[in-house]
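A, B, C and D label the chains in the order they appear, each numbered from 1.
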């Protein structure tokens, strides 16, 4: 596996390297870690890579790697560049015949997302978008319970993702993360909704197995002079008839446990909180509350995979991301053996998940500017 | 004090009797507990009242009590009848010269609420609506912190009140509570929003000291054949510029801890949950999280009153309701001494709070039927 | 019902009055509220009692009340005096033919406790010690589950009751509660263990249905000059073979949620915390965790009684104490009808529970001074 | 870095590899992963190691690696064998001139531990025992607060580590983990206390900066036929005068969140729970409760290092273990530069921590068999 972006000091690059290699299913062999050759080399040396596998540009890497001996060459590219580079790098990687892991958001626009899907199809390569929440074992368990009909028809979904780090105008105080996220040129048409609200919506859709089809959005900005939203409240309707709320905020001082999702059905309900990711709280009509936990009780039977540690050891973000990689790397391995990986067995977030997320964001932005109550999500 | 309604088996009657008498500021001396004379008498005997102080109708009680010797007669009427009787009983009580405690909702319509306010003014009597959440010491503490500006300007409010008891169609299975609440004739134009959503909105307004001025509402019904809403999601805007969400549900299976409110300001935020009513969680920008608790630390100085038990003893619903009574009975006592009770000292939920609640409900119902996004709350 | 002690400003008196009258099964008709006649009268007037039913001394009350007409006279005495008066007042009340409710601890010594039991037997009156924790519905539910064998044989019990209010030397700063509790003359041979550790032990025994038979105790004092323990750690062995830990502390700064108890059996375990009294957490071998809650699910069937409020309304200390009263008043009523109340139906903490508690405390104090590891609890 | 043990399927081997390499400060270059050459080779291939760096025995590895070119050879050995091999492997590694990371427990006996310390001193190499709890940032923060005197003199410590996985006799059902842990030959004189109780004690000593000097222990076995303890309750006294309780259990069904520690001082107290490792709860006398969290508020200043993820991302066991490695690898790097690493700057659990842990366990086992109440921990 090779990496584009993620050089010295980039947290996201380290996280992907640790997660990708956690189960011994891949090994970092090369990279184009930075936009300057020298910085890329320094990063490569930090990572104990031989000098000839560290490239100045991703184009050079995509050109040279295929010429190496087969047992030695890169098969897969991990794209952890700034967001606006995801699309061109992923397109070029697919063109060069590599499988791709792309950090979220997959692209900047819905059109780019659709182009990328066409390219995936034509190239017959695999692409994974790291919507990492769906790597948490208890999120997978939640999806299984809904799919089995254990909760009955889903009536209502409340997903929230409050953060507080943009409660002050950090973007003018030298904080780079804040600067690009609040800049329409680099972040696109939304800040809060695009960065975290989209994740809350994605988890809601993943668990319910149904897509959001209509939105009524209120994107707001609390800080004077900030051009994009820092809080987003959206009433949502799902295709299958459920309704709900998606709320995300970056000005909710003190919030840190991140995403919480509650799903209410005819016969029961479930709740999951990022702060206690190994727990799934289940309420059954007329019965006691049930708490399933990774590797214990009922959940052990349903979700045996994807938990590496003994019961009670706190698993975290790295474990979830590693689960996404583990499934995708199995799919890649199967593909390399000439077999077609099946969605049912090896369910990773793919290019179509990426497309829908972009469509959802487009509808939310339009809705927020509209006087009409409900706006449809384009297909 | 006398009571109208609240006879044998009525939980709400017992709660009001215990709460009203908890601090020794009032004593139940008479009542018209039921619509039939015999049932009223049975209830009176249960309560150790002399037979001559138990009346067949509230009209009889309002006529006869004023003729009793002054030191002995009723001064105050507690109205705990079904909702549609609140208005006529309260009007008659004020006409007869009594102070009134009225269970919430104060009336069935906004017009009734306004009439009642005029009557309060003319009669120069006092009226309290038992919005009991504002009796929790930590809710009062929250209001004080916001009023002092400790959180800075308020940006966002998220209030929710999920319940699950109407997730099945109880109203057709002999459950009386469900039957009247889902009947438009007895409950008015809304079930879920009127019963509990209005309380969430009321607490939000109480803490922030600002009223909701615009709403964008989605009232839904999950049960076929149920004529009123059993779930209500509302985007809200406050007069002072804050925005937020009010969500209430009666189909959220498993939810039981009731109301939760979170308020986010420029400099800090707060959270309160009914399930742990003695705690107020405070987040300050750039500092550790703070948990204030009744009778400890900082809160002890700010909120010395209204806590009867030693630290750590769980206080509950009765204590909160008793706090509302305690304040109102002090106001009544001051009035009877010929002094005008001041809102700043003796702040109980009054007839104007009741009016605003009815106006809010009217706007929510209209909004839910409208294709327009935002609907104004009438003044 | 009449009351001895509990005059103006005494929290414990108010709590008992509210709790005793909550379900309409008793009415306060007389009292000897204070050691001075004037204070007693003032208290009586606060409580709306006629002057002739307010007495200067309990002896006067016990002499005069029996002479009143039968339908009017006191049947039951509530003893809420300082601890050292519990014994003489309770003895006198039984002698005069009254039933007795006595605040805990029942007496100052084991010998007094045994005398009192003899008097109860001879007088054929009923006596209840208000070990109020056993009034919490989920504590009763826990006892039932253990008794039914649902947890299998009990192996281990961990009961703790940490408080922090004596972390500084309050007794020299004018705090009366601290002064008498740390005074060997008024509090007896132990402060922390007697005041709260004994309650933790009592709950452990109540839930398991087995008594502590051996102790290994470490009573310590953290504050120089304080003559009694302010922290108590005890290893314990139960008659039926279970072992465990009882820990109580008054110097554990910040602790306020009070008593927590965990019971581990062969097939499952349970946990209860005073801070969330309506919940019982159950762990079953190889299954999900279960949370029972008052009035919901499984618990609703097993524990229908003793919960007055709708689901989700926080119940507190007053509700628990009221449950103890409710059961005992039913037993008194049955006794007055000439029937013998049965322990199985009407299970309130009685004089034998009081005796065992005194025996346990004696063993703990002896153990703490001993170099031997294990000390037996006398029978 | 090279590894001894930790071959295919060994969770502990993978955890150490991920943690050691997380910050790019070390790279796995060789290993003797298994007791058979073939299994060792298979494991090496899984790890993408060249065949010539995968050895059949640790002795072969220690002999051949020093002969490789300097820039290429192993500097450090990670020992993740079964416990009874820790001592011989670590001794041989030091003899061969390597630095050593040794999984806990360091040795089987106190004598071995002392021998190892002498070897460390003579060899002038560094040795780290992976007491990984001390790698959690909030545990480090707790130690700093105590050292600064913020809590005042420490009065009481309550440390507990309950697990439930040995509540049934797994050792006879083919569970290897259970089999060796309950076998005196492989596990030594204690099972529960040695495996997890020792960790609870270690964290207590780390945070308070004071060692346990006397113990009164009750080791018990709940399962018939099991030769070692599966539950351990210990009253403890610290050198500096604090007292407390250490409780560990393997039969506490349902417990999974692992270690909890509470420390009470004159001026404040703290609590940390493994289930929410990024939080430190602080209670201050007469003030609100404070919750510090990694990367936020006050803690950000005191504990800037050792947190890799953005605020709110759950960190887990791997992050804590990686922190231990990070500090130790810095010490090794400094040593290789010819500078002496200082304990104050680079504080990792060393051979003396390992010795004290063995001494504590010896005293606990002796105490449990003794009729005397208090037994001293040998120096």
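Before moving on, here are some points about what is shown:
The rule is short, and it goes like this: contacts are C-beta pairs under 8 Å (C-beta built on N, C-alpha and C of every residue); 3 or more make two chains touch, one makes a residue touch a chain.
No experiment lies behind these values; they were computed from the predicted model shown.
In terms of the distance between Cα centroids, chain B is separated most widely from D. More contacting C-beta pairs link the chains of C-D than the other of the two pairs C-D and B-C. Taking each chain's centre as the average of its CA atoms, chain C and chain D sit 44 Å apart. Chain C has its Cα centroid 55 Å from the Cα centroid of chain A. Centroid to centroid, with C-alpha atoms defining each point, chain B and chain C lie 34 Å apart. In chain D, the residues that reach two or more other chains under the touch definition are 255, 282, 284, 289, 293, 296. For chain A in complex with chain C, the residues that touch the partner chain are 282, 284, 286-293, 296-299. Partner chain D is touched in their complex by these residues of chain A: 11, 14-15, 18, 21-24, 27, 46-48, 163, 165, 255-258, 274-277, 293, 296, 308-319. Across the interface of their complex, chain B is touched by residues 155-156, 158, 160, 164, 167-168, 216, 218, 220, 222, 231, 233, 235, 243-245, 247, 249, 251-255, 262, 264-269, 281-285, 289, 370-373 of chain A.
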